[in-house]
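Following this line, the structures themselves.
You will see chain A twice below: alongside chain B first, and alongside chain C after that.
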Partner chain A sequence: MSGAAGPGPPVGPGRSPLPCAPRPAAALQLSGGTEPTRPGVAVIDLRFPRGAAADVSAAWGGTVQEIVFKNFYTAFLSVRVQRPGPGGSRRWVTCLRDMCLMPCPHTEQGAQDYFSLHRNQMLCDMDQVTAVRFILRQPSPVWLQFTIEELQIFPTGQKSPQTDLPSWLSQLTPPEQPASLHGELPDPEKVSTEVQQMWVLTEVIRTRQAAARIGRFDVDGCYDVNLLSYT
Partner chain B sequence: MKIDVSLHKPEIKLESLKEDIKDFLKTSGWEKKLQNAVYSQLNVFPSPCHPAAPPEHMKEPLAYMRKAQGSWEKRILKSLNSMCTELGVPLAQKRSASEQKELLNKWNEMGTDEPDLSLFRPVYAPKDFLEVLMNLRNPNYENGDQPSFRNHLGLIQVPLKVKDIPELKEDFTELGLNIGQLGIDDSAQVPPEFFENEHVRVGQKVLAEQDSAAAQQYVRQGCPTALRADLWALILNISNQPEDILYYEQLKSNVIQHDLLVDSLIYKDVKLTASNDDYYFVFEDYLYQVLLCFSRDTSVLEHFTYSSATPPKSYIRGKLGMEEYAVFYPPNGVIPFHGFSMYVAPLCFLYHEPSKLYQIFREMYVRFFFRLHSISSHPSGIVSLCLLFETLLQTHLPQLFYHLREIGAQPLRISFKWMVRAFSGYLATDQLLLLWDRILGYNSLEILAVLAAAVFAFRAVNLMEVTSLAAAEAVLADLSTLKVMPLLQIFLFATVT
Partner chain C sequence: MAAYEKRRPGTAPSGGQAAGSEAEFLLRAGVTAMVREALLKVLEARPEEPVSFLADYFERLVLGDAAAEPAGPPQRLARALWYVSLAPHSHRTAFDSNTGAAYEVLGGGGGGRRRAAGVDGRLYSELLRSICQHGEAPAEAAAALLRRVRCRDHEAVPFDVFRYGVLTCFVLLEFAAKADALFAVLDGGSGAADARVCQAVLRALEEALGSGHFTQPRRYLEAGSRLGPDGLALAMDRALQERKLSGSTSREEFLKKATALFVAKVKPVE
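Here is the complex of A and B:
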């Protein structure tokens, strides 16, 4: 299984990953060895195509917001990025060290799960990145292969997808002090907006009730079924 | 839920309406009901997946397990289809008016019916399912032919993570030696002042408060018999409102209207299992009333979002391939297997009103029982339970495990049927209900694997003497005299590790 970015998972509205062509995971080899061994360490290098490849990457300033991938039996992950260093040269910096993907590497826990790495979790700044290197480790000898799949890198400047929250939920007010009525009436505008909010809430709930389950399993009263379908 | 706030009262002021509603919810008990409903949902639904994960990932994260479940389901479909063609019976058809009237008249005594079911056979039995689980392999795992540390010594060869005894001790703390238990500390020799009276008093208080979370914590030490029905209903959040009774009546009318092939399978299963059981044969009529309605209940389809299984699909006669005429068969998507009715039978001791009995069973099914007959990597799924059982036995009774293996009596071959049925029909009823108390209390089926290992540990001396699988089966044939709580306690907390 190569780490190529195949048909990826849906990314959600407003987000598009950077186009990149990761080479398949290359296992570390000891020099001078005659037989191919399984060293338990593999590396995936990502270089971002410059210039004509895509508008997204041409306009991209090299900032990485989030890295999303699907694990395939990798136990520990380290990530290094190549950034410009002092004096104009480019250096490799470790931004994630030995993140545990599989708590128990001999067993299946976490083996095929999806993971997100956010720029806030990284040890260094994810700006002006020109290349990313993923170092995969799988110390357990029981697995035939290990890699990461469906790799997607999201630049900053795009809204991360948010699940649809109803508008009233995002306007939850903190518990207020009870209004003091000594000598003054409460502001009628304030009172009427509060009552309006509550009315909107009841209306929303009332309209939603139509989706209650009816429980019909037949089609227009007919449920004559002959054989089960295999597809 | 309709909340009737009487807004005409002079005490209600516009400014404080929000606070007043919150107070009203608290005093009328609706806040508690909302809390219970939310708690119930948290127990049933898994935590949200990563946003990039597709829906099948929530059903089952491991691709090869999804594939295995798909193949197993295809086998079941083929078996059902071939039974249909052989017998010349359609999967579903509408009953004639006279048939409907007849069924309605004898609704409460369907057990007296003796239809000819000799040609029907169960779609599959637990031992067929065990064969499938034994052949489950991860294609990325090094399953060599040579025995090595990679191969498990038991029947299950997939490397799932299972707990060991120190982790189980932590999880099941309330079963410890210094904590009172019903099933141990309520026996005749122990004066009730020591534990039983106080425990009953606390139980009554929990019921008065109507708190689901507190009830779930409480039943870990066992339910007093008089309070069990109400406590389980509280934990499962079943209140038997008028709309629930109406829903059950609607299901009943669906049964009357349409005749399903699955009905014959249910009849056959009840006749073969529950009717032959000394404890459960009296409930035969209840079992039909629950299981026939269960097959028509489309709300059960919701559990397929978090189950690795997929409901079978079919098309209305003559409309093959047309999506508008695609239906699920049976309507609830669950094809019963041999022994399925034993999931319902013990509940008949607790609930006598058909609509409430039905709802309790349905909730127990979509929370727990569905995991016992589908292939998944979930810690409470049957594959994990089998591996947990084998690992516990191998780690703590290695001599017994080795001996049984050598004589061709792999322990899982004997204990599999106990776990698939959640021990229903194998234990005495009062002991079974004490076991199911803990399933509800811990919201996990792992206790079934622990009990299976504890039973082997209890009869280890006899088992070391046997020389064949048949003899081992004979030693473990009768579990009706066993007391489950002492067995569990000794195995978890009093065995030298």
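Here is the complex of A and C:
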């Protein structure tokens, strides 16, 4: 799970993110500089534990379905993934180039929004992924820090289980009407009107209740257990 | 009427002040307020014959004003009954204010006595019974409803309970009328409807009412889809295709079953 404190973004039912521990964003350092500068570029590396104890990652085929995170004043985001290239070596491929998270880097808009990146939006195939690298850019000097939080990566293969659809939802688009309705049926429209009005009347009564109670069985405290025990 | 004539002042007012003094006269005589009240009552009640309604109203007004001592329980009962039947229960504010007036009258506070006796259970039960009789509710349903909302004879009835009981009676009357109309549709003019169809419709209604106590908006959506024309047509069709021997239901039986569904949902007074 991501290391963020706080409630976290809403996860769909039945989806569990891959266990990964992102290290805090490492700022780009220009060689030779002595004073700490704020370069405006940060990198977050994620490595997936291979053969780890978690069943999810062990069974994980390396396909990434979706990446969900919460922005914290990052203006542009690029994502690179490490995939096995030809010849067995692993190489880095850019799957998302300079996605704009904040339309104006100096202002607040989009600064703390939740984002979700689906594999369809990526430039390359997200199969057999062994590592993910997030490159954050924030050119504006206004913000002291920038990062992304609550990072969650969802693999494919986990379909959100069909939540129990209430039966009436599945009846909204009914199967073809039986062509031969019994000829002697009373008019359904009129029946339905009347029945619905009856339902409304019953609902009105059922939700109303006398606010004041008669208090038929209330006692005024003289039958308190403590008092009774003394008599 | 002699009681309402006022002596005109001796000197006739000059022509220029005629309009002003007429309005003042009406105001002094209390006519403005009275006519406004009467008009409000007519608007709330919307009777089919406004003239007889107004005549009735003014007559009661006179009787009420002229009575030196507050009337005994039967008259108070009649008056309260008239008050609550003025506005239909769906006009909630009008109905509430009329019920308030009826409560006062029944409690004996409207006659100017210094101590109002309040409404006790006996008067309350009698009022409810006369409402049901007046509206010709099916007897069994009325009795079952009264059993649920009744108060013992010796208990003092607070206004909320009183309003709840009266409202429930009126809603029962309207429900019975609707059930009657539904039966008229189901039987298609003949006196008896197919028992299977009636049962299917009532079962659909019962399921839509459900047994839970949730007030989620989802329940309304669910009920709407169950009780829509499509759903009902399918249910009725399925019922008719069953091979069981079908009998026929008479109007009274249908009404009895339908109102039993309603009464089962009424929360008892405790």
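Quick note on the criterion: the second predicted complex is superposed on the first by the 149 of 231 C-alpha atoms of A that agree within 3 Å, B and C clash if a C-alpha of one lies under 4 Å from a C-alpha of the other, contacts with A are read in each partner's own complex, and residues count from 1 in each chain.
Rule of thumb we're sticking to: a residue touches a chain if its C-beta (ideal position, glycine included) is under 8 Å from a C-beta of that chain, and two chains touch if they have at least 3 such contacts.
What you see is a predicted model, and the numbers here were worked out from it, not measured in a lab.
In the superposition on chain A, A:Glu194 makes contact with both chain B and chain C. In the superposition on chain A, contact of A:Pro141 is made with chain B only, not with chain C. Of the two partner chains, neither chain B nor chain C is touched by A:Pro39.
Look at A:Ala111: by the touch rule set out above, it reaches chain B but stays clear of chain C.
More chain A residues lie in contact with B than with the other chain of the pair chain B and chain C. Legend: residue contacts after superposition of the two complexes on their common chain; A:Val204 is shown touching chain C, with no touch to chain B. With both structures placed on the common chain, the touch criterion links A:Gly85 to neither chain B nor chain C.
Common to the chain B-facing and chain C-facing surfaces of chain A are residues 178, 181, 186, 191, 194-195, 198, 213, 216-217.
The part of chain A that touches chain C in the complex is made up of residues 166, 168-169, 171-172, 174, 177-178, 181-182, 184-192, 194-199, 201-214, 216-217.
Residue ranges of chain A in contact with chain B, taken from their complex: 9-12, 68, 70, 72-73, 103-104, 106-109, 111-116, 141-145, 150, 152, 161, 163, 178-179, 181, 186, 191, 194-195, 198, 213, 215-219, 222-231.
Contacts from chain B toward chain A in the complex involve residues 14-19, 21, 49-54, 57, 61-63, 74, 77-78, 80-81, 84-85, 90-94, 138-142, 150, 158-161, 247, 250-251, 254, 258, 296-299, 312-317, 320, 324-329, 331, 377. For chain C in complex with chain A, the residues that touch the partner chain are 151-152, 155, 157-161, 163-165, 167-168, 171, 174-175, 178-179, 181-182, 185-188, 193-194, 197, 201, 204-205, 208-209, 215, 218, 221-234, 236-237, 240-241, 258, 261-262, 265-267, 269-270.
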